[in-house]
Amino acid sequence: MNSIAAATVDVPFTLPIVDYNAIAPILILLGAGVVSVLVEALLPRGSRRFIQLFVVFGALIAALVWLCTITGVRVVTAEGAIAIDGPALLMQGAILVLALLGALLMAERSLDPSGDVFAARASSLPGSEDEKQFTARGYLQTEVWPLFLFAVSGMVLFVSANDLLLMFVALEVMSLPLYLLAGMARRRRLLSQEAALKYFLLGAFSSAFFIYGVALVYGYAASTQLPVIASVLTAKPGQTSLALIGMALILVGLLFKVAAVPFHQWTPDVYQGAPTAVTGFMAATVKIAAFGALMRVLYVGFGGMRWDWVPMMWIIAILTMLVGSIIAISQSDIKRMLAYSSIAQAGFILVGVIAASPAGLAGALFYLIAYGFTTIGAFAVISLVRDESGEATNLSKWAGLGRRSPLVGGVFALFMLGLAGIPLTSGFIGKFSVFAAAIASGDTWLVIVAVVASLIAGFFYVRVIVVMFFTEPGPQTTSVVVPSAFTTIALAAGAAVTLVLGILPQPVLELVSNAGLFIR
Amino acid sequence: MNPANYIILSAILFSLGAIGVLVRRNAIIVFMSVELMLNAANLAFVAFARMNGNLDGQVAAFFVMVVAAAEVVVGLAIIVTIFRSRRSASIDEPNLLKY
Amino acid sequence: MPAAGVFSLIWLLIALPLFGAAVLLLGGRRTNSWGPYLGVLTVVGSAVLAVLMLVAMMGHPAEERSVGQTLFTWVFADGFQADMAFQLDQLSMVFVLLITIVGSLIHIYSIGYMSHDADKRKFFGYLNLFVAAMLLLVLANNYLLLYVGWEGVGLASYLLIGFWQIKPTAAAAAKKAFIINRVGDVGLSLAIMVMFVTFGSVSFSDVFSQAGEASEGTLTAIGLLLLLAACGKSAQFPLQAWLLDAMEGPTPVSALIHAATMVTAGVYLIVRSNAVFDRAVWAAGAVVLIGLITIFMGAIIGSAKDDIKKSLAGSTMSQIGYMIFAAGLGPIGYVFAIFHLLTHGVFKAGLFLGAGSVMHGMKDNVNMRRYGALRGLMIVTFVTFMAGYLAIMGIPPFAGFWSKDEIIHAAFERSWVIGAAAILGAGITGFYMTRMIAMTFFGKARWEDDVHPHESPAVMTIPLVILAIGSTFLGMALLFWGNIETWLEPVVGFSSNPTPLSSTTLMAITLVVVLIGAFIGWRQYGSKPVPVDAPSGNWLTRAARRDLYGDLVNEVVVVRPSFTLARWLTWFDSSWIDGFVNGSAAFVGGASGRLRRTQSGFARSYALSMLGGAVLIVAALVLVRLS
Amino acid sequence: MTPWLTILAVVPLIGSVLVVLLPKSRPTLAKQLALAISLVTLALTIVMALQFNGASNEPFQFVESYPWIPAFGISYSVGVDGIGLVLIALATTLVPIVVIAGWRDVDATSGGSVKGYFALILAMETLMIGVFAATDVFMFFVLFEVILIPVYFMIGRYGGPQRSYAAVKFLLYSLLGGLFMLASMIGLYVVSAQVTGQGTFDYLSLVGLEMDPMAEKLLFLGFFFAFAIKAPLWPFHTWLPDAASASKPGTAVLLIGVLDKVGTFGMIRYCLPIFPAASEFYAPVVIGMALVGIFYGAYVALNQNDMKRLFAYSSMSHFGFIALGIFVFTTVGQSGSVVYMVAHGLSTAALFLTAGFLMQRANESSLISDFGGVNKAAPVLAGFFMFAALSSLALPGLVSFVGEFMVLLGTFQRYLFVGGIATLGIVITAAYVLRLYQKTMTGPLAPKLVGMKDLGGREVIALMPIAALTLVLGFFPAPILNVINPAVDRVMTTIGATDPSPTITSEGSGK
Amino acid sequence: MTAVNLGEEIVFWFSGGLAVLGALGLILSRKAVHSALWVALTMINLAVLYVANSAPFLGMVQVVVYTGAVMMLFLFVLMVVGVDSSDSLIETLKGQRLVAIVLAVGLAILLVAGIGAGLTDVVPVGLDEANGVDGGNVQGIARLLFTDYLVAFEVTSALLITAALGAMVLAHRERWLPRASQEELSKARFIGAGHPGNLPSSGTYARHNAVDTPALLPDGSPSALSIPGPLVARGDVRPVDHHEVEQIESLGGGSK
């Protein structure tokens, strides 16, 4: 694949072959990001929000529409750096739709009396006069929109990166804006900043592992392109210790992003500290992007070393499921609980990944989509439940909520049941798909562990319902704020998908199985 | 001399960077340690490029530098923000989020 | 023979009282005024029907006297079938007559006896229910249906014993009766099951026709299980403890259920299953033994009780012991078991109703030590009671003489030892009955101050009179006019063996022994003043007053261990089984509490675990590969 | 052909939605609507049942099948055999009764939403019908699990003081079983894919599937575990007393009376025909569990001071009988088990509803020690209580006797001693039932109860049908037996079991 | 330059040694600024090693970008956050240091072992050929950048924009009022109810200089001004240990 041919100095520069049609969604997003930055730079403050929303939604929708026109494309392009294949397109689509929902949440400004979910000025000191003034003047940090767009473009690129180096760049494009966004909450800013710091430092730490792993793999295969690595692995089966260690370190970086134990500890802190809208967006999309990359690396690059990584992934999956589920039990903060839940869910998805079969890939994809919609919906609900200090995330403040607001309580209960994997919700079909794939691949005991973990996880999902519906409301000021159309749409979409994928999953199941495999 | 020595050097630097991340409390030093780890990766890339006889490794190192530069900017901005609201650059101090 | 003519109405025998029961129990207070009369009418209706059937049956030759009627298939599955079907043969016929006629009399009597009870409607409902169930018991053509009647009478008995359930003792007695009966029912259930696995059917005809093909062991098992059932229902040792407590029920109940009919169901069961017992020597022997033991237990208890009803109850136990005993003797005894059952049904009903009449006059006081000298004040009662007294002692020509004499005779046909025991039992009967008469009707008045004894109303005395007539003549009627032996023979078979002594000698010896018993009783209670407070008495008296420690044994052997086991299991359930469940939840919770501590909030410690994870992954991969 | 089963399931579902949509201010309307819907469903059930052909050779009738998730070979398939039919009938019979009986169970002042309660009941009815009608294993599982949710809400939202604990315990316990069943079910699917090349969840295709004995045993365990928890068999029962004592009487009736039957239904419908060899292998274990359960439940019931807990333990004892009948592999035993399921549904309903009426008159106390002498003050109530008690102790002449005796007979036929020992259970049953009656209904009136009212018309109307059915079916069980027996025969044929024949056979014996 | 010659060997051991020394200095320096300077040393030596590995372009970039720009940025920020904020080397997390070192050494051993196993008898291909194709190292890299790595190259622009944007958002302090003149400021300070001088820093009696520890006024009472608003609002203020204050006071002679 190396394009450096044995030629003389006079070799003319041959243009790289790029299938712009196939990567147009990525380009649209990147372009929109640039436009968005220009909007920040050039337009007066008052008009920015409207224009930014226009750009963001326009870009997302345009990218989606474009994506729909290229569903049949299966191509490796940009000199082997990008693979647009079925799973990539599917995950790109899912990321885009979920990003759309995330954008809706982030655009919401009728929940907080003083503005949207982000600090009026992230640079102002928490509790300072500056902050008060900016808030009182209704400043909005519209810079979040270009950051958001870059993050989305990073994700979309991440799932289709066929070259480890590009994957690294995409990882950073995805992560850096998220580090920033995590630190910009309007309320509880100290927590938010702490989240950003932890996320950033640990994220940087993990990407150091990733790139070092890439270096070692490069040392082994003389290339960073996954198919090349795969063919080198088959070509020289011995002497693979470099590739082995490199793969391990790459996995550290990716497992960090999917929040697998023992690389999970950033998750609760970041999920809790970040603005809820960002948490919802991040929880849904990063999980998809990271799993997409993880599966591509494992299946395309290191498929030949399956027997090396499967036992290790077994242990990680088991730990992830159990630790996530068990710790979540004793959480009293609902965002934190959902964070641990996301860890446990990552474990369940890993079960599908480990199956290393078409069914496993399809199952994991389905699970990711299902999980994404449910979790973003759940965070949307959390953003609605507020008291005078902002969101009331402590579980005790949710007592009796379902009785006072049956609709919101009911929808949240639906999300909880979905995450718990109760039939007729998307979560059940997701679990079913990955378990089926795992059993078909002979990982029966893994499934049994997963079953036990599901039960433990069931406990804390169910406990939320207990608090909302079975507990007498105390004398407190928690109330459900009526959101604007933004959050309402996101919420409705999350609930609808959770239900529809539970009751009539066939179209999506077809989609994920027709997506086929990663191309090499 | 075995050219692998470069790689071994890079491994040692990588590990030292990791130690730095784990034992230092000043966020900036921690971050510098991360940079050290990235540099170790770069050294490995460069040495491997020579061993493998293609320039991809050097390009990779180049990208790592760019990424690191961007990361530094973002990281330092975050650290400055934290410092401003807490008047401390220790990464142990922001410890409100736990358990 | 299929049911035709009047026999097509066999179902109506049961349906009539059942209808009465349904109306009375479901109708509520609306039926308060006329309900009791409906109850009486339905039973009388059944009695009339029964008599018509008897007449019809007598019109048939002996071998055609068994009539069957199948209503529908009741319980069925592949390989199993039990019909809702009736069989009226000579044996059932006599039972139907006894039940309906004595039942009618007791119903009539009850109109007076219960006239002041607010719940008398319910009382009549229960009585009707009893009659229906009892008729079902004797009319069923298979064991499973018999079982329905069997438990049905148990239920009625339970309801009636506990009729005054506001008294805790009555409620407890009712429960006790039911539970002890259930033990017997286990026997019946198991017997039915053994029959099914052996014969593939539970109908009388199939079982009896194939009984000869079964092994003796199987038949012995069936026989013993049936005996267990009989013990429960007929208050035989060791399941006798409930009968004395059952006297908590209203007196007509004691007369009808706990003297005349229900308690004799055990005898019916054994006699009905004669085909089994004839081939199971050991089982039959056990029947004889149980009967004998109970004869003496009942008699001893009856001799020591001061409560007139309990004394009579002891007597009932003893007399049923005679019947069971006779039934155990085989073909030589079946007929006489039934014969004694019939005469006993009549005279014991009379005695109980007489006792009820006395109680009615004595403000429901049952303590005979507070009676005395009532013969002048309750003349009808006294006279009728004396008829029953003479009948039960077996004084010729009263009814009991004929039947008991035949049993003793049959016992001697088997062996002189058991014959002698039977005679001794008769002697004790003489003693306790005389004691009862003496304490109640003779001697000095020992009434409490506010008691004004008086004769009962006609509605009560008329049944007494009728029963007294029965007590006097029934024995002769059945034996000489009814030809009970030939009547029953087609069903139960009949044979007789030579006895070591001539029947006249036996008769004489029996009479002498009875009179000696009566004399002792008179000397003790008739010719001496009876102390109002019972003297402490000898050990046997004390034991007899405590029902020969039957309750104590049950308490120690069954009840207390059961409750201890129940408590222990409850503890086990909550601390171990549920403890395990909650414990695993607590364990996970505890693990959660500890694990969440690892989330210390320090970014560096997170980084440490990441590094640890990385090292482990690398190590695992490298070591696995290198090894 | 009319899609009877779908109609049957959809009617209450629509009703449930309608009830939810009613304004909160019209609680009575919600009740009336719920009652009407449930009566319509009952009527439809009767109409359907009359068209059921007991003599048909088809394994299922009223069959419908549409692809649902073809990706996994899952279809929406319904159909009933006799067993499913009688259990559906049981469910649709009890629902209107529960609605009537629970007319005043919930009111706005007690903190619950009235319409919510009745909507949940109707939703449950849909799911219950579905679960008994499903002929696709996946669909069965889905309904089996989903049905937990309405029950969870009914316990947790409308129950007594311990409701949260009980609801969560119930849900998690059931989920545990369900999840193991899920794993097994997936395993079954994988096996079917390996054997036939095309994975399927269709019940009839799975019956008679050749599989590896070891795998069969494992898969059996997954299914059985779920059913044993649901039924519940000893020692997986401890959720039941808590759930029962925390529930409203109506909830308890539907939970124990109908829903728990899914466990035993599942055993006879799924465990036996799909895993015949494994069933045979594990039968001794199951029989042991059942036997322990019979006595264990009865003895613990003997020591309870809480009526609802007592009923729960008594149910556990009864479930022991039902499981016993199923796993002895005799026609009589299995027929008996099905009859027993119906009988137990009726007797549970009678017990819980009567006890519920009683408790309403005593500040919702269910402690036996708080009662006494009720018979004097409320003879009708006491009468029904007595009837319920008798039905529970399987008095001959009541349908529970038919079931119990057949179970015992079937057991005895196969295992002499097991049958003999199990028969002893009837004594203890009598002991605890009558002890309960004695302590609550007899003796002097408890001071707290002075002035208590007897049952009113609505309450009698609720109890009457149960009593009537119990009695009528006790003397004339043919309507049930006629439809059950062919289904049971089919099960017996499928598992290849034959009844032991009587030791003596001659022309005169048998039928 | 395919094989390793003696000159290179000397360079390797010298520069490599210095690089490790710099890394150790980073870890061991008490003061942050010293750490930064040690890192700079490492990076310069790495640049040397790059050059030795036929990567002259990268060597230059390393010096310019890393040592010149990145490290200067670090130093800059260090100045902002306080040069003198020397880091206590006392470990507060139990066992952290020991475990960290053990794990890192373990990682190093594993890496070295793995690399050793994977790279026995490797003969470097050398870059002479590759560098020669396009006429030099820079041209070679350029060709790759604009062909194989075109997308990555373009996408890094997004990274840089993000970085700039992030720095702006978090660090740029916007004004909501026109800048006040010095006169206005001093007037405001004295006229207003505010605090004319510096806010109190942790005082004589302070045992702790953490942000949540209030400064103590001469009478031993805490100064409300010394605590950041958010902490006060959250109630996250460390209480004053009066017992300790008295203890210190008594040590100081007990005079009031």
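Letters are used for the chains, namely A, B, C, D and E, taken in the order the chains are written, and counting of residues starts over at 1 for each.
Just so it is clear, a contact is a pair of C-beta atoms (placed from the backbone, for glycine too) under 8 Å apart; a residue touches a chain by one contact, two chains touch by 3 or more.
Being a predicted model, the structure only gives us computed values, none of them experimental.
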Set of chains whose contacts include both chain E and chain A: B, C
Shortest contact path, chain B to chain E, counted in steps: 1
Farthest chain relative to chain E (centres taken as mean CA coordinates): C
Chain nearest the overall C-alpha centroid of the shown protein atoms: D
Chain pair that, of all pairs, has the most C-beta pairs in contact: B-E
Taking each chain's C-alpha mean as its centre, the one farthest from chain B: C
Centre distance in Å when chain A and chain B are each reduced to the mean of their C-alpha atoms: 25
Interchain centroid distance [CA atoms averaged], chain B/chain D, Å: 65
Whole-Å separation of chain centres (CA-atom averages), chain A against chain D: 44
Distance from chain C to chain A - Cα centre to Cα centre, in angstrom: 79
Contacts with 2+ other chains: residues of chain B: 7, 14, 17-18, 21-23, 25, 30-31, 42, 47, 51-56, 59, 63, 67, 70-71, 74, 77-79, 81, 85-86, 91-92, 94-98
Of all residues in chain A, the ones touching two or more other chains: 2, 4, 122-123, 125-126, 165, 169, 172, 176, 179-180, 183, 189-190, 197-198, 201, 205, 209, 216, 219, 240-241, 244-245, 268-269, 459
Sequence positions of chain E contacting 2 or more other chains: 93, 96, 100, 103-104, 107, 110-111, 114-115, 117, 119, 129-130, 140, 144, 148-149, 152, 156, 159, 162-163, 166, 169-171, 228, 230
Those chain pairs that satisfy the touch definition: A-B, A-C, A-D, A-E, B-C, B-E, C-D, C-E
Chain E-facing residues of chain B, complex: 1-9, 11-20, 22-26, 28-29, 31-33, 35-36, 39, 42-43, 46-47, 49-56, 58-59, 61-63, 65-74, 76-81, 83, 85-90, 92-93, 96
Residue ranges of chain C touching chain A (in the complex, touch as defined): 585, 588-589, 591-593, 595-596, 598-599, 601, 603, 605-607, 609-610, 612-614, 617-618, 620-622, 624-626
Chain E contact footprint on chain A (complex, rising order): 1-9, 11, 13-16, 18, 23, 30, 33-34, 37, 40, 78-82, 121-128, 130, 133-134, 137, 139, 141, 143, 146-147, 150, 153-154, 157, 163, 165-166, 169-170, 172-173, 176-177, 179-180, 183-184, 189-190, 216, 219-220, 239-245
Sites on chain A touched by chain D in the complex: 403, 406, 417, 420, 422-424, 428-429, 431-433, 435-436, 439-440, 444, 447-448, 451-452, 454-455, 458-459, 462-463, 465-466, 469-472, 504-506, 509-510, 513
Residues of chain A touching chain B in the complex: 2, 4, 122-123, 125-126, 165, 168-169, 172, 176, 179-180, 183, 189-191, 193-198, 200-201, 204-205, 207-209, 211-212, 214-216, 218-219, 222-224, 268-269, 272-273
